[in-house]
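Next come two complexes built around subunit A: one with subunit B, the other with subunit C.
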Partner chain A sequence: MNLKMLAFAVRFLQRRIWKNIAVFFVFWALIFLVSSAFLIAASIKKELFATLEELPQIFVQRTIAGRLVPSPASRIEKIEQIAGVEAAYGRVWGYYYFPAAGVNFSVVGLDMDMAGFTPWMDEILASDKEGMVVGEGVKRVLLNHYYKDYFNFITPSGDFLKVPLVGTFPAHTELESSDTILLPMQVARTIFGMPQDQVTDIAVRVDNPKEITTIAAKIRVLYPDSRVLTRFDIQAAYQNVFDYKSGLFLALMLGAFFAFFILVFEKMSSVGKEERREIAILKALGWRIGDVLRLKFLESFLIAIFAYGLGVVGAYFFVYYLQAPLLRNIFTGFSVLKPRFELIPVLDMGLLMSIFFATVPLYLAATIVPTWRSSVIDPEEALR
Partner chain B sequence: MIELQNVSKIYNYGTPKAVVALEDVNLQIEKGELVLLMGPSGSGKSTLLSLIAALTRPTKGVVKVKNRIVSKLPDHFAALYRREWIGFIFQRFNLIEELSVLENVLLPLVPTSWSIARSEERAWEAMRRFAIEHKAHTQVSKLSGGERQRVAIARSLVLDPPILLADEPTANLDSALAEQFLQLVQKLHKQGKTILVATHDPRFESFGADRRIKVEAGHVFYA
Partner chain C sequence: MAFRKLPQRCSKVLSKRLLFLAVAGSFLAGAALFLAFSLSTPSLGPKKEVVRVLTLPDLGLSTEALFIRHRSHSVLSDAFGLGPSLFPFFPSDFTYAPPPFAHALQEIR
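Showing the complex of A and B:
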């Protein structure tokens, strides 16, 4: 490494300081925005998929004319008899509108006597199996309306139903549990006015994860009117949503990409008269074409590598320390019950490498190609 | 030392805009000679120097330096030849305006394998030699014409090349500075350098050169 060359590259950059700062800024902004978007998506995906791992492997719903309808509770027992099924249990769930706050709560009714749903829930329910466990978002809304220890639901018949608040979901599940109220199935039926022998869907646990697809197929054969969702289907659906949102975000950033490509094109297509003269002076002083290219490469590399490095570090800081204000809403949506989850740091080297290779070499090529074109002509011609 | 054999240079060769700069020139310059190339503007003096410095190639003929053909050197070796053999003082100095005096003088040393310390030492030595060291950290754009010329000379001689080519070196200088330059050339000549000065400055009329060569309309006439 020729340190003199590096020192001169820095000096040459300093000469056109404002132009180089502008180039640096455009490059930095592009890297920052792209990295931020991908880091948010990666973080949310990681958290979401970690949470999804705790879900039952199969959900069974019933449809009539393509619409979801409650399933008879008798199906639970039949499904449990399928070989390989560890357990099946019914759930009653739906949306409860709370007009004072203008929000919908996701109400989920479970058989609270069933053990092993998740360890943390068993812990909460150990004290009181008649109350409700709520997400952080629900808790915030209830507190804003002075409901600290209980909430009064209004049933379809217009009666009040007072349900005590016995716990909240742990913070790490807030992304999916923020708007959720978990309570005994019987209470949920009362809130929704559902008949005793019906459930909204059936959750199924399987002994051997390799058999999930086979058991799902068996359930479809047993109940042809059912819609059977495996955990993989749900993961794929979430994956699609986040990929779609990442794509949407990138589309919104077309402006930044456009600015970057104009920059690249401008550099590709022209070496100014002054720059051509400089290259000729260097050659007249005994610089080889390779020396000139090395100098110009170092100049561009310094801009590109600092823009890339600071862009990625800035994005990391913005996403994981500042929690990506504004930007995260694109991924999580705008809502009163918007989860206040923490974006968990994820450093996907493959992703960072992809961003690097999609931008830095392009910019370097945009500098090297016209410099090479200028340096192969006779120095005398450029100096004349 | 320097030999031109049947050298012609035609710019834009093969196009309607073709211009003959030199035609069938034969010239021989011995080692340690101080030669003046005299002639009006556009006569081909600068082209002659550019050919010797391998800054351009002849359309016809060969240029030899120390019996090596330099006019056909590939770009890579032409650059190494210039670095090792040629110090070139351009008419408009061709300094890089935004760099300091020291940085300009350092430029020929950058692609060499010399260490930073050794390069800087050599650059300071060259600046001292041409009395410009007090302006080492001044940006070239802030220098006077005379100071610029001294920077250009220091830069051209920083690698101590055996051949010095000067193209209209006094064109932008007043009489006092021109006189200083003439003295400097004499001094370098005494040190054994082979020097070619292209000029149409009448102040060189009485200058004690070994030889004067008249260049006119692309032809060389020995005085």
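Showing the complex of A and C:
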């Protein structure tokens, strides 16, 4: 690259420094906002998809008249007999509405016979088998209502069920566990009033990923009233939801992008008399059209690349150091049991590249075309 | 502005150096920021363990509506009934159709 040309371009930028700073600032703000929004979405998505890998491969639910109903527990054994199924177990879980705070807790029954829990779980289980483990969000709500070490559930028959609080989920898992109450399965049955021969739904573990689709199809044939969800379905669904959300944001930003390019094009196409004179003088001194274009290209490229680089760096700082105040609310929405969570860093080159190619070349084009138009004028005519 | 008052050659050299410093500095700053954040955040391990125990997929961002929390598992006719990407509480029901290639379209009834 011609370094002298670069230095010349820098000097050219300095001649109209305030105009260039204004364009730079608008460009920077645009890049900053767009990358911040996409980084937040990418972080939440990364967390979700990383944890999805731990789910059972297939879920079997029962429907009657298009509504979900509890499944008979006898189906578990039948499903377990299908070749390729490693294990099938019934789950008892659901929502418990706590009217005083206006929140829904997710109550999950835990089968105490299942081995292989994590260390922190074992500790809790060893201390008291009949207690409940709650997420940080639940704990906050309970404390606000003066439940310090127990909670009174109201069963469907109207009785109180006093359950001691024996532990909380690790604090930084709040995004997964904030509204969750984990109980022994028997206690969960009592809270929901669910008989012994029923389960909410059935989770199926399959070792070989290639067999998941076949096994799901077999279950569907075995129980035509069932709704069979594979882990892949859930992943596809979430992919769509997140694409939709960041797409919505992009759609809103498209207007801003367009306005920005109109602004740039306007500014450059109404090249002032002075600037036209400059180009004419350069041409009179022997510069070719190509040289003038190269100079203008370097000028706008310098602005664009700095705006882009600082915009992306600023977005990383804003999203991961400041944890994206205000902007993250677009993605998290309103909630009483709002989890406090940290966005986990993502370095997505594809994302950064697509933002680059969506903005920088367009900006360059918007500045080069008007320059070309004014540089093809005869210098004598322009200088007169 | 102040630049112009400097002698020509000095300013040229200065602007080149400044340019180089700015480019190198911003890239280094970016790399350092990213490294610092990725080192300081806790690992995903405990989160995965929680999900393994709970066997429920969703993130607890919003918990008010049943079809938001664990929506993939709870209300059949809302979030997943028409297509996995539809939000019934947005005007998306009639503006946004699920993509025909989505595997989920055949899998979820």
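Note that in this section the second predicted complex is superposed on the first by the 355 of 384 C-alpha atoms of A that agree within 3 Å, B and C clash if a C-alpha of one lies under 4 Å from a C-alpha of the other, contacts with A are read in each partner's own complex, and residues count from 1 in each chain.
Keep in mind that, in the parts below, a contact is a pair of C-beta atoms (placed from the backbone, for glycine too) under 8 Å apart; a residue touches a chain by one contact, two chains touch by 3 or more.
Just so you know, these numbers come straight off a predicted model, no measurement behind them.
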Report the partner of subunit A that touches more of its residues: subunit B or subunit C.
C
In the superposed arrangement, does A:376 touch subunit B (first), subunit C (second), both or neither?
first
If we overlay the two complexes on their shared chain A, which of subunit B and subunit C does A:236 touch? Say first, second, both or neither.
second
I'd like to know which partner A:136 touches here: subunit B for first, subunit C for second, both or neither.
neither
Looking at A:286 after the superposition, I want to know if it touches subunit B, subunit C, both of them or none. Which is it: first, second, both, neither?
first
Using the superposition on chain A described above, determine whether A:244 touches subunit B (first), subunit C (second), both, or neither.
second
In the overlay, answer first, second, both or neither for which of subunit B and subunit C A:7 touches.
both
Could you tell me if A:299 is touching subunit B, subunit C, both of them or neither one (first, second, both, neither)?
neither
Could you give the residue numbers on subunit A that contact subunit B in one complex and subunit C in the other?
3, 7, 11
List the residues on subunit B that touch subunit A in their complex, please.
47, 50, 53, 55-57, 75-76, 79-80, 82-84, 86, 88, 90, 94, 96, 98-99, 103, 106-111, 114, 116, 119, 155, 159
Name, in rising order, each residue of subunit A that touches subunit C in their complex.
3, 6-7, 10-11, 14, 17, 44, 47-48, 50-56, 59, 61, 63, 66-68, 91, 93, 95, 103-104, 106, 108, 110, 117-118, 120-121, 135, 137, 169-170, 172-180, 182, 201, 203, 216, 227-230, 232-234, 236-238, 240-241, 243-244, 302, 306, 309-310, 312-313, 316-317, 320-321, 331-337, 339, 342, 344-345, 347
Going by the contact rule at the top, pick out the subunit A residues touching subunit B in the complex.
2-5, 7-8, 11, 15, 277-278, 281-291, 295, 376, 378-381, 383
Partner subunit A, residues of subunit C touching it in the complex
1, 3-4, 11-12, 15-16, 19, 22-23, 26-27, 29-30, 33-34, 37-38, 41-42, 44, 46-64, 66, 69-70, 72-77, 79-81, 84-85, 87, 92, 96, 98-99, 102-104, 107-109
